[in-house]
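Chain nomenclature is as follows: A, B, C and D, assigned in order of appearance, with residue numbering initiated at 1 for each chain independently.
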Amino acid sequence: MKPKGKGNQLSSPAETSAAPVVDATRDAMVVAIRGTLGAAVVDSMVKPGDDIWVRVSTESWRNSIQKLKDVHGFDYFCFLSAIDWLPSPFGRGEDDPSEPAPERDSTIRPGYTGGDTRMQLLVRIVNSETHLGINVKADVPNDSYTIESISNVFAGANWHEREAHEMFGIGFTGHPDLRNMYLPTDFEGFPMRKDFPLLARMVKPWPGIVDVEPLPGGDATEEESAS
Amino acid sequence: MAKVPGLIKGLGITFGTMMRTFKNGSNTVQYPHEKETPPIRARGVIALHQDNCTSCMLCSRSCPDWCIYIEAHKELAPPRREGGKPRQVNMLDRFDIDYALCMYCGICVEVCPFDALFWSPEYEYSEPNITDLLHDKTKLSEWMETVPEAPELEVGADKKKK
Amino acid sequence: MTILNDPVSAKLGNRQQLSYIASQAADARLNVELETEGMTLNIGPQHPATHGTLRIIARLDGEQVVWAEPSCGYMHRGYEKLTEVRTFPQVTTLVNRIDWLGSFANEVPFILAAEKLMGVEAPPRAQWIRTILFELSRIANVSLFLGDLGVQLGAITPVFLAFRDREYVLNLIESATGGRFHPNFDRIGGLKDDLPAGWIDETKVVMKKLRNFCDEIETLLFGNEIFQSRTRGIGVIPRDVALQYGLSGANLRASGVDWDLRRDQDIALAYNKVDFKVWTHPDGDSFARCWIRLQETREATLIVDKLLDGIPSGPVMAKVPKIIKVPEGEAWVSTENPLGEMGYYVVSRGDLGPFRVKIRSASFNNISITPWLLRGVYVPDIITILASLYFILGDIDR
Amino acid sequence: MFALLAVEIPYWGQSLLRVLGGLVAVLLPAGTIVYLFLFKMMSFMQSRLGPMEAGPYGSLQLVAEVGKWLQKEDIQPESADKPIFKMAPIVVLMSTFLLVVVVPFGPDAWFTDFETGVFYALAVSSISVLGILMAGWSSANKYSLLGGLRAAGQLIAYELPMVLAVMGVVIQAGTMNLQQIVFAQNASSMFGFDGVGNPYVLTQFVGFVVFMIAIQAELTQAPFDMPIAESELVSGYMTEYSGFRFLIFFIGEFATAGVFAMIASTLFLGGWGIPFAWFGWTSMDDVSNWMNIAGPIIVITKMLVLTFLIMWVRFTYPRFREDQLQRFAWKVLIPVSLANIMATAVLKVAF
């Protein structure tokens, strides 16, 4: 019942160096999924021996998941989450507070299977018979940050959507109960968005900013004392 | 009744354990009176070998918790060879590890390129006051005495590594 | 709930069917006007049965639960956010602390995901040692569960026996990795160090002790009629509900799903080098879940024994650059952790640190079934069910 | 009791001595049980040593604990029903003191010699239910309330099998006087063999087992500790108590265990007596005076044996669920003890 694919993650080192082989099972699955979902599939990608990524359109999100479950037997719900593709304006919080913040590239670059929006929803579902997993992505519109809930397809998605709601500020229409799960009820902001600063890295400067104090008026030749 | 055996067997287990404890002693250790020796690799406290430290800041920069604070300045030292130029050396002014923040991950010990940091299995340095957990370089150097030799490796290990 | 239509019940076994009917009855009770005024009982956040700080809000009618809802977040540490400000080697120290009883097992999937992105692979010896330590952390984790199970159900002795024998395993982990609870021993491309001399023989002795411990617990707890009457038929999870909620690990296998990620996926660990049995149980009740964990602990000791006999020699570290930059890409790796399927969805931007890490922890999914599962049970059964689902707060809240 | 002293003691003196004796009879067994079983036996069953620091082998640990509790603040919940809250532990402890009154410790060493001692003991033992219910209700805590209600249900359910189990003894001995029951056990013989007397544990074995199970439930010890149930109800009716009041509950728990074990040893193990045939005693008057000194020691030894059983079970078993407990009482224990009474009655008439 194992996925037949062979790839760079195999235990025999000889095969890792081989060029990417063709993954028949997964390719066939993608073709089948395209057949079922039709135009709903925006993009798809197969990493041989590794995984499948499918991006479906925002409107067909719930229906696609439902069809994947019903038609292709992806009946095991693994997780649901979101990705904020905006690069963090704060970096790793290692900037020197006494100097002006460095310029950072803030262009949004989506990952596998592309994407047009800042937020993307990601769900992983698995076929419990063949143990073949699939990552399904969907864009979350930039203006409303709202998408249809799949909690009536997979009951387990309920909590995951609540988590995504409070952490990313994504609304799920049709979700029975979008209360905060981790955060206090009156918490403001969405912590997992990239533009939400991580205070633990703001309250004190990075100890690594400090450098060895140079010799007063000394020459610039660097020489280590240890040999 | 079919009910009895499981219940009776359970009583046997507790009674057996009691008898074993009587005979062989307990599995616990009366801590302040007797102590267990931690394994050689145990990550108890970080010791600093000051002579090896070049204040390269690598440990401070790779610390995930930002708990190593280093300050240093450059100084001129007499040349190593006769007639050479005076060398510039980094003099360590401050080397603090805040054990209240430290997660004992050992990354600093690992990244240190000059073998200046070591793990010592010593563990008895709890303090009533949290600020006392900030160990400065003198205290960190004192731990050097407790650093053990690295253990022998298991059969089949690659011997090339030191 | 709409997820359960009546055809479901037809597929169930006898015992499951009874409990299914009970849950339906509880549903029906919700819909009629209750004659008596109920009581809302707050179990937690400070409560001995919540392994930390889980809070369960239960609406009671007498001692029967009408409606219950776990409320978590008392221990949310925001690891997904924290990983974004850390470099790849620094992340392992964090993820150690997710499931703090079986810490080593948390590192492995993350490191495997990073290795997958980098296209490196740990040398065989490192893979074997990883697998051994992985199983040891499973034993350390689940043996404590077996003891704790007793305490939850009112027997105080098992937990001390568990702590006694778990200590041997922790000593092993400590002497190999240096960290008792948080090993941080995995590196991208292999392991930090090789095993110390004499470790293999010591481990074999300890594994015998652990098997003995399993026998003891089996007699003391699982053979006890009171224990059986407390757990059998309590908290039945049918197969398809388990799948829908994404239960994993022993909870899933107790519902009759024969799925073990150790066996069922190609992964750079040495599981395919040994034969082992994946235990399943058809009942899906609390007893089945506990029983599976007991069997798995025993099986894990056997796996460790078999692996110890065949550790290949060689280096434990592949060639990786000193400063690790992970190429751009996305990877998902999950492993069969003590609590269930734990996976990391790592998005890298070619930087020193990950761009986004989604931590899929087993307990979060496992516990999300509780609102469905707790309806209609008695207050003591809440404890039984929670104990048998086996969660660790750090694993729920991350 | 005072014939032994061979001096005339005024009534107030006698009363004072009785009170002191009662205190000793309650607190000494309680302390012994806590140290011997709760501290040491439990620890040894769990491969550890238990308290070792206070006194030799931790023997003064209990003193230290009492000192700790006495120092603690007496916290009362704001919305508690204060008078009842304060009274509850005393009511619980009171039932223990009232119980010890009827236990005979020797031919003349008794506090009172009730004709209907058994009846009295069983009646008084249920007073503790009142105290527990009061504690559970007045604490203004949902866990306490649940615990108190569970306790009430449980103690009342187990009163019945206990009474029925004792009934067999009463029928066999033909008396309700505990002193007479002791005499009947030690002076009689079984099938002509008088080497061990006739302790009812042998002839009334079913009754003994039912009685032990019932007192296990009465004492709310595992597997019947649902009213306390640390892992479910935190500590049930005791949750809100701290300091001195908790101490009283604590003493009450173990003192009652001791007193119940004494009653059980009186009813089933021959109480203070050793088989009279060993010394050729045939009537109560023959019993020599030194039994007044040896008696209490014998009772306490027998009590320790029984508390060992109680505690052994406590440390081994998980707890029942409330409904299972009720089912067990009504469907198993009561029918069994009724059958036992029937058999006893038939045999009594037959022989």
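Basically, a contact is a pair of C-beta atoms (placed from the backbone, for glycine too) under 8 Å apart; a residue touches a chain by one contact, two chains touch by 3 or more.
Values in this document were obtained by computation on a predicted structure and should not be read as measured data.
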item	value
Chain at maximum distance from chain B, centres defined as averaged CA atoms	D
Chain centroid nearest the full-protein CA centroid	C
Approximate Å spacing (C-alpha centroids) for the pair chain C, chain D	44
Whole-Å separation of chain centres (CA-atom averages), chain A against chain B	36
Rounded Å distance, chain A centre to chain C centre (Cα mean)	23
Inter-centroid spacing, chain D versus chain A (mean Cα positions, whole Å)	65
Set of chain D residues in contact with two or more other chains	45-48, 315-317
Overlap residues in chain C, where contacts from two or more other chains coincide	86-87, 157, 161, 164, 220-221, 224, 226
Sites on chain B at which at least two other chains make contact	7, 10, 13-14, 17, 27
All pairs of touching chains, each written as two labels joined by a dash	A-B, A-C, B-C, B-D, C-D
Chain C partner contacts - residues on chain B that touch it in the complex	3, 5-7, 9-10, 12-14, 17, 27, 38-43, 62, 64, 103-107, 110, 119, 151-158, 160-161
Chain B-facing residues of chain D, complex	41, 43-49, 52, 312-313, 315-317
Complex contact set, residues of chain C against chain A	1-3, 71-73, 76, 78, 80-82, 84-87, 112, 116, 119, 121, 123-124, 127, 240-241, 243-246, 257, 259, 264-270, 272, 329-334, 341, 343, 345, 347, 349, 352-353, 355-356, 358, 360, 364-365, 368-369, 372, 397
Residue numbers on chain A that touch chain C, as the complex places them	1-3, 5-6, 8-11, 13, 16, 49-51, 53, 75-79, 81, 83-84, 87-88, 90-93, 109, 111-112, 122, 124, 128, 131, 133, 135, 152, 154-156, 158-160, 167, 180-183, 191-192, 194, 196, 198, 200-201
Residue numbers on chain B that touch chain D, as the complex places them	7, 10-11, 13-15, 17-18, 20-22, 26-28, 30
